[in-house]
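Have a look at these structures, which come just after this line.
Below, chain A partners chain B and then partners chain C, in two separate complexes.
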Partner chain A sequence: MNYKLIGKNYQSPDITAKVTGKSRYAEDYRADGMLFAKLLLSPMPHARVRSIDASEALKMPGVHAILTADEVPLVAPPVRGNAAAEEEGPDSKGARGVPIKPEPALTNEPVFYGQPILAVAAEDEVTAADAIERIKVDFEPLPFCVDPLQSLRPGGPNARLEGNVYYSTLAKTLKWTEEDWKEVEAGRLPMREAPDTWKVGDVDAAFKEAAVIIDETVASQATSHQCMEPRSSMAYWQNGKLFMHASAQSTAHVGQSIGNWAKVDRKNVVLLGDYVGGGFGGKNPETHMHTAIPALLAKKTGRPVMLRITREEDNFIGRSRAGMVMRVRMGFRKDGRMIALDMFVVQANGPFARAGDYGTCAVVASANYTPVNMRFRGTAVLTNTPPHGPQRGPGGAQSTVMFEPLLCQAARKLGIDEVEIRKINAPTTGMAFGVPEKDGERSHFTSAFPREALERGAEKFNWAERKKRNGHMRGTKVSGVGVSLANFTAGTIGFDGMIVLTPEGKLNIYSGVGNIGTLSVYDTARVAAEMLDMPWDKCEVIWGDTSKHLPWSSRQGGSQTIHGTSRANYAAAADAKQKLQEIAAKDLGGSPDDYAIGNQRVFRKGNPGSGMSYAQAAQRAIALGGRFDGHEVAQDLNVVTKESAKAIAGTGLMGVAKDNYGRKGNTQSFVASFAEVEVDVETGEYKILDYLCVADCGTVVNPRGLEGQLHGGAIQGIGHTRSQKWVYDQEYGIPLARRFHYNRPPSILDIPEKMDWDAVNLPDSQTPIGAKGIAEAAVGAGAGAVRCALAAAIGDDYVRRTPVGIDMILASVEAKQRVDRGLTFNV
Partner chain B sequence: MALIHDVMPAFELFQPVTVADTLALLDKYKKSAWVLAGGMDTFDWLKDRNKRPEIVVDISGVKEIRGVQATSDGGIEIGAGTILSEVVQHPLVKDKYPILTQAAEVVASPQIRAQGTLGGNVSQDTRCWYYRGGWACYRAGGNICYADTPSAINREHAIFDADRCVAVNPSDTAPALIALDAKMVIRSVEGERMVDAEKFFIGPALDITRMTVLQPGELLTAIRIPATWAGASFYFEKVRERQVWDFPIVNVAAVFVVSDGKIERSRIAVNAVAAHPMRLTSVEAAIAGKPRNEETAKLGGERAIQGAKPLAHNEYKIPLMRNLVKRAIRGQTA
Partner chain C sequence: MENAPETPTTPRSVSRRQFIQGVIAAGVTASTATYLYRGSGSVLSKSSLAGSTERLITINVNGQARHVDVMKQETLATTLRYKLGLAGTKLGCDRSECGACTVLIDDVPRYSCSVLTHTVRDGKVITIEGLAAPDGKLHPVQQAVVDHQAFQCAFCMSGFIMATAGYLKTNPNPTRAQLAHGISGNLCRCADYNKILNAMMHAGELMRRT
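The block that comes next holds the complex of A and B.
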């Protein structure tokens, strides 16, 4: 397609504020009479609050109020998880399970170290902190567990009183047998029955026909999200409305959840958050329970209240990626085709709702290798660690970093090139993947071009030549090159778009998508501009503040925006175009079909000078009223869109519509990635010399934005492979790495010396402009390529868990065999 | 463990501008006074409320202890209050003792080097995450070392000289100063004393609550580097998990005088392997008179790790220290 805006670089409307420091996060706001709140956090991994004595604190000058668990509501989160679990699992022996209570803002039964117990509001933060120190809380310690394997061990502790393992939505107690545990001690997981299971074909039969079988137990760690902006929030009430400055990934979707926790109707919540310092899945609508603290304290005191969340506190309540350990058996035919994949996963779930990562880990493997026969068995074990939630490529990044090195290992055993083995197993458009439905049917790819991405990448990276450097020593340094294929879900459907052509001839594009730095809030707006042939400098994107009346856009998460909201804006533009044509026909005669649009005019086909300008048409729309200026809207719109349309009706010609384009199958993006590393075998340090990735993300909408997503995601993934992690002392259940420094996200000097990218740029035929999301597959791509390059440098057998630190490399090289920490979590 | 983190409590603050006034304050308040220079060690102690001094003496305004100057014996004197980035950029240091330039340049991050001082870098407390996390361990006045229990995570802890405590000294500049045979100038109202850099640092066996010989009432005012090793052959290397903003897993600093292809004399020090930086005199003795080659390097490396005792998670530090000493003697990384 010959687009004017789509596929072109541009300067986003928020860039000046960001570069000049004028953009503000929630914490940067002040309001008259504002108080500061401070939290009292649990000093134990699991306990019950017997009593609270705040009398000394409340006597202090400047202390205004205390908020405790009794005053905050419990709001049930949506059910998550891909695994098709049965209510009664094989080990439950018919015992009834107990639902786990949802995560509250404050609690009297803390289930992880650092969980907020209560909050105090005072004139300033120091007074609030000093007041917290004078509060006497009597805790009764309860049994705890921070390592899921220890909880599954015979006689091991349960993290929750309700049980230790999820069976569907219920917690039950599951302990393995002594025999199972012997396997763990030998460094393997037992391939036993598990609460969650699904299968395709017959893996056991297929293994008998395999030429090569890989059988390994591998592990991937938990990591905190480490957004630049912690989840601080500031709240005040005016005329019954709650004004909330919060750090939220999405905008339109958040009012309801903030309202639920603050005990106020959605319609009376104004969310202000036009600049957000990163989300990475951690600031999804269901995670804003802590906004209730300033909201309810503000209500109690009649003053605005600011709750600043520190980096350390953000490590406790700011979400994290779930750690997991997996035993995987893969059977290959001689020609490299994977005919059997049998995976058994234990996920450290955290103390609350089931994290979907382990289920997604299986779906992503299924999408990457399309194994002919596959079985998934998974166990989500409750742990007394901070809550997990989606983190950029949840389950997918773990899947890639755990599976991809094993695919390299298989390729070497089979004598097949590592790029080839991926091409042999990678899917094409229309192939089936994922979890079978009840009727046995599975979803299929709306488009899939991983083979093209691998081919282009291999050529660009000079793969065949560079591969010869594997194991080559230069002094004390050994080289390794790696290839990896990653994928992730890439788009949803069915959201609303809303735009207004104004009498001044401008195009206002309303967006309920959040602005977390991906640029997709603007990229998707450009789709509407493109369809109406509007110059970008006459377009205004309206975002980030629900009082500005925003439509029901897609959530900003799950790599869905570029797909979901570009479709919605395409629909809104189509609606506006239809109305332009109708107005022209009404005023100038003929039928709407006789008219075309372009150059900011609606004109008779073949005569661009005829007709009327958009500005004139907008004036006519206001005069005509009804559906033309938004006074009447389609019934299938979301209620949020309807309310917003009503509020701005009469400001111009409104295009407002739901994305009813539909699709067959699921949208999935792919990234092929390549890396070269150099490992110093005397120090264990390694450099990443070069990184290249090639994306299959459909039509490229914003090349510079795409580069940012591909490289940014890769760096996050590289951090996962290199250094980022949690560390717990199991005896005490207390985290040792709590801030940036010891969590070790990668520094600017730890990233590849050279980074490059490309995209196959083939449109997905099932979505109007053909774009698919990409932010998440990019993480696994970075993690996988570097992890595979390390294996190529020092050997397949030396490493089986991430992060791959200096200690593991050096100890293994020294011992000439694998030396790691067994299967223990969080070391 | 303190309940509140990241909020500095109230304390009495003094901001003297002369050494004399500083010493008078330190004498007056003795143990209850806390010396604050760049704040890079201090601030998280205070903000996390795990140490709560009543009196803080901020010496960042004392100009007398800032700057680098040549001394009459051909060496240099660096004021303890000199900012690390000034040390890095100073031509005198670069010219005579590039090993110190190198060591100071790999401390933490550019921001921290622009704030932290050389005196602070050598006087800083250990980074053991149990101790700094506020656990009531031996070093904090308790009766257990949490970093040396069966469940402890101690991959960055000591392989030498553990005595109840297994923490390590994290300074990058300390081994360079020991290798250069620097002298630490310490003043109090009683007068001035000078301590060899090697003796400035102490282990838990001597005093489990302190990392240096500095007593209450005393102030490190300057570091003198004698001319002895100016222009010698230097080697410095720091191994860390991240290439910026990370403490050493192990670092090594070494100076060599080589004549007729043989090592005439040398001084070698490593850090982050014990609660104090270690000068490796037995290695120096073993390699004296030998050519600076792979064989001597190997010998030195093996000698260096004699007596090392790993904890549950830090066995890798032994080959790492061996290899770093080997590389120092060999004189090149590869």
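The block that comes next holds the complex of A and C.
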């Protein structure tokens, strides 16, 4: 396609505000009479509050109010879809399951160290903090567990009173047998029954035909999101409305959740969040329970309240990626085709709702290798650690970094090239993958071009030549090159788009997706501009503030936006075009089909000088009213869109529509990645010399934005492979790595010396402009390629868990065998 | 006030350790009492905490003499953000780990979360808000960021821009590795480092041209 805007670089409308410091994030707002809140946090990983004595604190001058757990509502989170769940059955002792209470803003039964117990609002923060210190809380310690395997051990502790393992949506108690535990002590997981199971084909039969079988137990760590902006929030009430400055990834989807927690109707919540300092899945709508604290304190005191969250607090109440340990058996035919995949996963779940990572881990493996015989068995074990939630590529990044080195290992055993084995097993458009439905049917790819990505990458990276350097020593340094294939879900459907052509000849594009810096809020707006042939400098994107009347857009998360919202905006533009043609036909005769649009005019086909300008058409739309200016809208729109359309009706010609384009199958994107590392075997230190990735993300909408997603994601993945992890005092259940310094994200010195990218740029035929999301597959790509390159340099057997620290390399190389901490979590 | 003599109540060198000890009372709770701020509009004439009395001082920020009441243990980041309305300086960690709060003090990039306000009475502070020319023309580092559409969420951006502006003054023509080293005290969680380096190398070019 010959686009004017799509596929071109541009400057985002927020960039000047950002470089001059004018962009304001939640904590940058002030309000007259604003109070400050501080939190009292649990000093124990699991306890019950027996009593609270706040009398001394409340007597202090300047202290206005206290908020306790009894005053905050419990809001049931949406049940996380996990098709891996089997029908709920009794556990081994025949016990029935118990629901786990959802995560509250404040609690009297803290289930992790650092969980907020209560909050105090005072004139200033020093006073609030001082008041917190004067509150006496009597805690009764309860059993706890920070390592899921210890909870499964015979006689091991349960993290929750309700049980230790998820069976479907309920918790029960599950302990392994002594026999099972012997397997753990031998360094591998038992391949036993598990609460979550699904299968396709016959794995056991397929293994009998396998020429090579890989059987390994590998681990991937838990780590916090560490968004640069902690999740601070400031709230005040005016005329019954709650005004909330919050750090929220999404916009349109957040009003409801904030309203639920603050006990106010969604319609009376105004979310102001036009700049957000990173999300990575950690600031999804389900995670804003702590906004209830300033909201309810503001209600109680009649004053605005700011809750500033510190870096350490963010480590507790921000989100984190679920850690997991997996035993995997893979059977390959001689020609490299994977014919059997049998995986058994134990996930450290955190204390609340079941995290979907372990299930997604299986789906991503299924999408990467399309084994016709596959079995998944998973166990989500409750732990007394901060809540897990989706972190960029949840389950997918872990899947890539755990599976991909094993695929390299298989390739070496089979004598097949590592790129080749991936091409042999990678899917093509239309192939089936994932969890079978009840009728045995599985979803299939709307488009899949991983083979093209692998081929282009191999050529660009000069793979065949560079591979010869594997294991080559120069002094104390040994080289390794790695390849990896990653994938992740890449788009949703069915959201609404809303745009207005104004009588001034401008195009206003309303967007309910958030602005977390991925640029997708603008990229998708440009789709509407493209379809109406509007120059970008005459377009205004309206985002980030629900009082500006935004439509029901896709969430900013799950790599959805570029797919879901480009479709919605395409639909809105199609609606606007239709209305332009109708207005022209009404005024100038003929039928709407006689008219075309372009150059900001609607004109008779073949005669671009005829007709009327968009500005004139917008004036006519207002005069005509009804559906032309948004006074009447389609019934299938979401109620949020309807309310917004009503509010801005009459401001011009409105294009407003739901994405009804549909699709067959699931949208999945791929990233093929290549890395070269150099490991100093005398120090264990390693450098990443080069990184290249090639994306299959459909049509490229914004090359520079795509580069940012691919490289930024890769570096986050490299952090996962290299340095980031939680560390817990296993005896007391207390986190030791609470700050950047101890759980170190990559710095500018940790990045590959050279970075490059490309995209196959083949459109997905089942979505209007053919774009698929990519931000999440990019993380696994970085983690996987570097992890595989390390194995190529020092050997397949030395490393089986991430992060691969220099101590681990040094100890293993010196001992000529794997030296790590076994299967223990959070060490 | 600009040349007000030192008084014993505002020592020039309160160490960070002393300051932290001063404001954090040990307790049974999991304490994360950083980011502490006492508002200048506080109704509390008598504070319960030792050393929380405020004093009026004058500091030079973005070329202007600003009179401000500060506590002796108050950090420059707090003063800038909460008393002078300069919220472009961000707080990402408040403990010298992330660099989001970097400002220039006498042209040297410093973590304003870890500088006590009263110690900069003789210095010139430049924040992100004061980097562009008075006519609005962007500083070359800002311009380079715009040209490259660098950074993503941009919460770290102010700090990176200030760190780069300061570094390029000491080394106007750095290699890519030197520049990376020069601004390695700043973290970006979107990890857009490669594009940031591209933009900042371009910034060096723009600065050499002007």
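By our rule, the second predicted complex is superposed on the first by the 818 of 827 C-alpha atoms of A that agree within 3 Å, B and C clash if a C-alpha of one lies under 4 Å from a C-alpha of the other, contacts with A are read in each partner's own complex, and residues count from 1 in each chain.
Convention: a residue touches a chain if its C-beta (ideal position, glycine included) is under 8 Å from a C-beta of that chain, and two chains touch if they have at least 3 such contacts.
All values derive from a computational prediction rather than experimental measurement.
By the touch criterion stated above, A:736 is placed in contact with chain B alone, chain C being left untouched. Touch criterion not met for A:4: it reaches neither chain B nor chain C.
In the superposed model, A:38 makes contact with both chain B and chain C. Annotation for chain A, partner touching more residues between chain B and chain C: C. Residue contacts after overlaying the shared chain place A:334 against neither chain B nor chain C. Applying the stated contact rule after C-alpha superposition, one finds that A:807 touches chain B and leaves chain C untouched. Once the two complexes are overlaid on the shared chain, A:684 sits against chain B while remaining clear of chain C.
When the two structures are aligned on the shared chain, A:747 is found in touch with chain B and with chain C.
Judged by the touch definition given at the top, the superposed model places A:586 against neither chain B nor chain C.
Touch criterion met: A:23 reaches chain C, while chain B stays clear of it. Comparing the two interfaces of chain A, the one with chain B and the one with chain C have residues 38, 40-41, 43, 125-126, 129-130, 132-133, 310-313, 741, 746-749 in common. Interface of chain A with chain B (complex): residues 38, 40-41, 43, 125-126, 129-130, 132-133, 310-313, 474-477, 680, 682-685, 722-723, 727-732, 734, 736-738, 741-742, 744, 746-750, 805-808, 810-811, 814, 819, 821, 827. Chain C meets chain A in the complex at residues 23, 25, 27-39, 42-44, 46-49, 52, 81-82, 85-95, 97-98, 100, 127-129, 131-132, 138, 142, 145-146, 148-149, 151-158, 161, 180-181, 183-184, 186-197. Against chain C, the residues of chain A that register as touching in their complex are 9-12, 15-16, 18-25, 27-28, 30, 36, 38, 40-43, 60-62, 113-114, 117, 123-127, 129-130, 132-133, 137, 226-230, 275-280, 308, 310-313, 316, 516-519, 704-705, 707-708, 711-716, 719, 739-741, 745-749, 751, 755.
On the side of chain B, the complex with chain A involves touching residues 1-10, 49, 109, 129-130, 133, 146, 149-153, 155, 237, 239, 241-246, 249, 313-316, 319-320, 323-324, 326-327, 333-334.
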